[in-house]
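Multiple structures follow.
What follows is chain A paired twice: with chain B in the first complex and chain C in the second.
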Partner chain A sequence: MAKPKVGIYGFTGCAGCQLEILNLEDILLDIVGAIDIVNFRMAKSQNDDVTQLDVAVIEGSIVTKEQEEEIKKIRDKTKIMIAVGDCACFGGVQKLTQFQNLEEAKKLVYGDVQMKHAIASPLHSRAIDEVVKVDAKLPCCPMVKEEFVEALKCLLAGKKIDIKPHAVCEECRKNGNVCFFEKGHVCMGTVTLAGCGSLCPSNGYPCEGCRGPVEEANIPEQVQRMRENGLSDEDINRKFRKFTSGAKEFANALEIAKNAQATNAPQEAKK
Partner chain B sequence: MILAKISKGNIPEFLKRLMASYEVVAPVEKEGKFAFSPVSDPAKVRLDYDTTILPPKQFLYPPEEKLMEFKRDGSAGKETIDTTKRVLFGLHPCDIWGIQILDWVFDGKFPDPYYRARKDNTLIVGLNCTSPRNEYCFCQSMGTYTVDKGYDIMLMEEGDNYMVHIKTDAGNQVIRKSSDLFTEVSAEDTNILSKDLVDKKMKAKFKRKLDTRNISELLDFTYGSPVWKEFGDRCLSCGACSYVCPDCYCFNVKDKLDLSLQNGERARTWDCCLYIDFARCAGGHNFRKDKATRLKMRFFHKEKSFVDDYGRPACVGCGRCIKACPAKIDLTEIFAKLRGV
Partner chain C sequence: MSENPNQLEVHHITRVEGHGRIIIDVKDRKLEKVELNIIEGSRLFESWLRGRRLDEVPHLVSRICAICSAGHTAAALKAIEDASGIHASETAVKLRDLATMGEFIQSHTLHMYCLALPDFLGFESVIAMAGKLPNEVKLALKMKKLGNDIAQVATGRAVNQISMNVKGFSRVPTKEELQGLLAKLKEMRPFAEKSCDIFAGLNYPNFQRKTEYIALHTPKEYALYDGKIKSSEGWKAPVSEWEQKATEQVVAYSNAKQGVRNGHGYLAGPLARMNLNQKQLLDAAKAKLDAGPIKFPSYNTFHSNYARAIELLHCFDKCIAIIEDLIATGAEKGKVDYKEYALLAKKFSANKGYGAVEVPRGTLYHSYAIDENGIVTYANVLTPTAQNLRNIEEDMVAYLPQLMDKTREEICHAAEMTVRAYDPCISCATHFLEVEFKD
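Let's turn to the complex of A and B:
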């Protein structure tokens, strides 16, 4: 069987996810033995823009018209498109401009510098699936390289990519960590998708929610816990929105909590 | 010899000698809490611990374990059996009970070879309790404050000494090998010991309680209670309660291939009935879609099915789940509410 043809592309992001692929040094030869990487601008000098792709791996978000055209072209020639990292999956940290005026945000970052490139007229950051169809998402900042390899194996074996809909707590508890809530801190692990191996909590730092919301994340309960720990509404929004404000549960956490309270209030009154 | 005595000062030397032939797992300090961990320095062992973050089950039934390696060429798989000689040192009665309950499941009608091999190679040294270790303990309610079997040696604190109750031949042999560290028990010692058991242990007051009378029926009759939704709505489905439980044992089995797709390994990992995908089957149907149903399921399994099948709940009153729950769900509160107390 011919090796599947794979293209790896970067849009607006830090390129850290693509770098994670190169960081798979120990098995890099096994990877190129299993797949045919026809396009990978970060790692190859000769790239093929014409060949039809079995798999396209996309890093970064879409912030210009030109990128929109480019991702559509890639989609047209690709069977399976995988978004990797928070920028591609959720629009990334740069998606935070959605809560403010884009021109003001631009000025805040670039000042009065005159730009010639397309970035001179940026749009709000969009996740890849806001522009074209995406078949699988591997979130995290950066993407988890081991998860990328597992996804590759699933694709090679013709299986569905299996990401367990469990919270970071699963891995954190298995690692025998002391819960940050028990220590009086706020941790986002309770509402965040596992898969990172609870990397931050296992190294003494509370989860920042960079893998985005777990399926059926209990936002109202989390908001309640955050308030009990002394966080203001502004702090709560910052915590939720930092990496994955492209996820509606995290973008609208306070509203979700408020609505849940309103639904439960009549029942409370009856008691 | 059924009883012996060891001075507290001799415990480090006893541990050191055990380390010569066993991996010794004992409570050590971790970020102000305690954890069971393999130890190489006896000075690190903290027998004054209240409870541990994870129960000792992880050394009989690890969070993730490789069951076998296989090739896809039709050849027989190679099983991974862990036969490490291990001592679990300083287990409180509740945790010894937890292991007994795991025995019913993994070493009953259908013995699990992976669990069994670990258990067969494990020596259990208990540490008696004479009062609640912390505010979460409710072992008195669960009948697990004392334990009559499931250990090889039991240490009972008595001033500057531990009275040592030797339960099994394996325990006896270990003590005999280090007989210079132990002394005979005098009539006075046994007097003090029995007095302590009656006066101190039996009269200890536990604030936290769970009324277990007719608990199986209680659950049958409260199946439709609004209490389940009340607590279910708060549940974060994080699984902390079952991972810190000494006798929650549900697992998942998964095969992992290498990049050539020709070689692989089969792994078993802890799983939890509170996860949304636990009862989700092919085609997407989910038998327990909402959190309240899943929370109810957890308690029906542990406090009803176990009573019906084995005669007692699969809860040992260690209180770890209450302490660990980020949503502060407290099962003693759930059961009090179900009873309408």
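Let's turn to the complex of A and C:
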């Protein structure tokens, strides 16, 4: 049987997810033995832009028109496209420009020079699925490499990728960490998708929400808890709008909380 | 290839981190112009960092570049602590030093074996090379992993640090973890020594061009975590003057700013460090250098690869020394309970601070201004790759004319190799490399 053809592509980001693939040192040679990597510019010189792909692994976000064209071309020749890391899944930290005036932000960094390239007409960072269809997403910053290997195995065996349905809290409890809320601090683990093994809390630091919102995340309750802990609206926004501000639930947390309050208030009054 | 007959184009420079392009203009077999275009999409970090709280900055800027995330974290921490008057404990500094040293081992091994060596031995990639040199590739991957393990034990994650924070560490490594690293370092050390011999024996292109070399320097040790700015032109300056000393020039054809001094490029990175600081190397690395065939100062950019090998051995011995010290004195003193970050409520004086560290590709500078609530009002980052871009162009302008009788493919390959010698990290400078050749 022919080996499955895989392309690994990096768009705008820190290259951390591609690096995590190279950081699979123990099994890297086994992986490259099991699949046919036809495109991986960060690691090899001979890259093939024509062959149809069984799997395309996409890192990074789309910030230029050229990238938009390129990702469409990749999509056209690919059976299964997987977005890895927060840039590909949510637009990354660079998505934070969405709360700014892009022209002003550009001027702040580059001054008045008229740029010849894409920067001349800057765009806000976009997640891959804002441009083309994505078949699977593996968020986290950087992606969890073990999760990537599992996903690759599933895809190549024709199985569905198993995405955990619960919040980071569950993993954190299993790891025996004392809850940050119990210690009087704010943590994003309550509303964030699990799968990292509660890595930050296990390292003494509250979850920063880098895997994005868990399904049915209770945003109003989280906002309420943050307020009870003395956080201002600016503080609350800073907590939600960090690595995954591309997730609408996180970008609009205060508004969601406000709307929920407005809906609940008349019912409360009836009681 | 470009449609213009006077333009030869190699679309992507590969085996570098990120996306860029080189345009080479040739007329009648004479080199007219070289431009290094960084066409990577910009992420505008310096704009949206404004408005963030100071303790968030290290985690956010670690995302500038995965390969040197610990370096970005360290430079940001130093700048923020300078601005806010917060002091990190001595043990915390040792742990930071250890984390960045692990990153050197990871990054240098990755560049030397996976990205550069295939050029010198005629392979398309490390994957192709693994078939012919399985033992070397396996050992190199093991050494790279050890670098990651060091950073991971010290900071919670090899890529994008977790526990390395303002004032100290939210978690510190256990004695057992440190002992585990020590055993691995000692086991792997012979290969670090052998790497010096392998990279001393490569057939480097014969190309000499003296430029200005700039690195951190301290008489106390081979400056990586701390030091003053030192130039081969004889001047020194405190890190707080970096914004005046190295100006970044915005060029219209590139999304990365270029480091320029008095109208010319300068070189940051392993070659600059070796040219300026070889006397401060630890004994074993110094002895290797003394016994080897290549001497510093060297004005051959391709000798950067040999400089990396010597630094690798230095970093092994430095890591061993730090870990032995931490085991003896206890890493616990580097810990800061998250509660102490309730300094968030504390009032600050509005102030500006500066920080610099050496990262694998050269000196990395950060500076931030904060207001009285600890909110960032100004951010500036100067990465080594941005500093090197002008110098890379100047190298190609000097080197490529020697090759005008070669084929287009050979010229393009030489241009790519010149760029790769700097191990550019284009995510840092923004991100990608393409070669476009006009003739």
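Following the convention adopted for this analysis, the second predicted complex is superposed on the first by the 262 of 271 C-alpha atoms of A that agree within 3 Å, B and C clash if a C-alpha of one lies under 4 Å from a C-alpha of the other, contacts with A are read in each partner's own complex, and residues count from 1 in each chain.
As a convention for this text, a residue touches a chain if its C-beta (ideal position, glycine included) is under 8 Å from a C-beta of that chain, and two chains touch if they have at least 3 such contacts.
Bear in mind that the values here come from a model prediction, so they are computed numbers and not experimental data.
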item: Clash or fit, chain B versus chain C on superposed chain A; value: fit
item: Touching partner for A:K183 - first (chain B), second (chain C), both, neither; value: both
item: Following superposition on chain A: angle at chain A, chain B versus chain C, Cα, nearest 10°; value: 110
item: Which superposed partner A:Q52 touches (first chain B, second chain C, both, neither); value: neither
item: Touching partner for A:M42 - first (chain B), second (chain C), both, neither; value: second
item: Dominant toucher of chain A (residue count), chain B or chain C; value: C
item: Partner chain in contact with A:S232 - chain B first, chain C second, else both or neither; value: neither
item: Touched partner set for A:T64, first chain B, second chain C, both or neither; value: second
item: First, second, both or neither for A:D26, with chain B first and chain C second; value: second
item: Contacts of A:E170 with chain B and chain C, given as first, second, both or neither; value: first
item: After fitting on chain A: smallest Cα gap, chain B-chain C, Å; value: 9
item: Shared chain A contacts, counted only where both chain B and chain C touch the same residue; value: 183
item: Complex contact set, residues of chain A against chain B; value: 27, 30-31, 33-34, 149-150, 152-153, 156-157, 164-167, 169-170, 173-179, 181-183, 187, 189-191, 214-216, 218, 220-222, 225, 260, 264
item: Touching residues on chain A, where the partner in the complex is chain C; value: 10-17, 19-20, 22-23, 25-26, 28-29, 32, 37, 41-47, 61-64, 66-67, 92-94, 96-97, 99-100, 104-106, 108-111, 113-119, 122, 125, 141-142, 180, 183-185, 199-200, 202-206, 208, 235, 238, 242-243
item: Touching residues on chain C, where the partner in the complex is chain A; value: 12, 14-19, 37, 39-48, 52-53, 56, 59-60, 63-67, 69, 110, 114, 118, 124-128, 130, 137-138, 141-142, 144-145, 148, 155-160, 162-163, 165, 169-171, 250-255, 257, 335, 337-339, 427, 431
item: Residues of chain B that touch chain A when the two form their complex; value: 30-33, 35, 53-54, 58, 63-64, 233-240, 243-244, 256-261, 269-270, 272, 275-277, 291, 323-324, 326-327
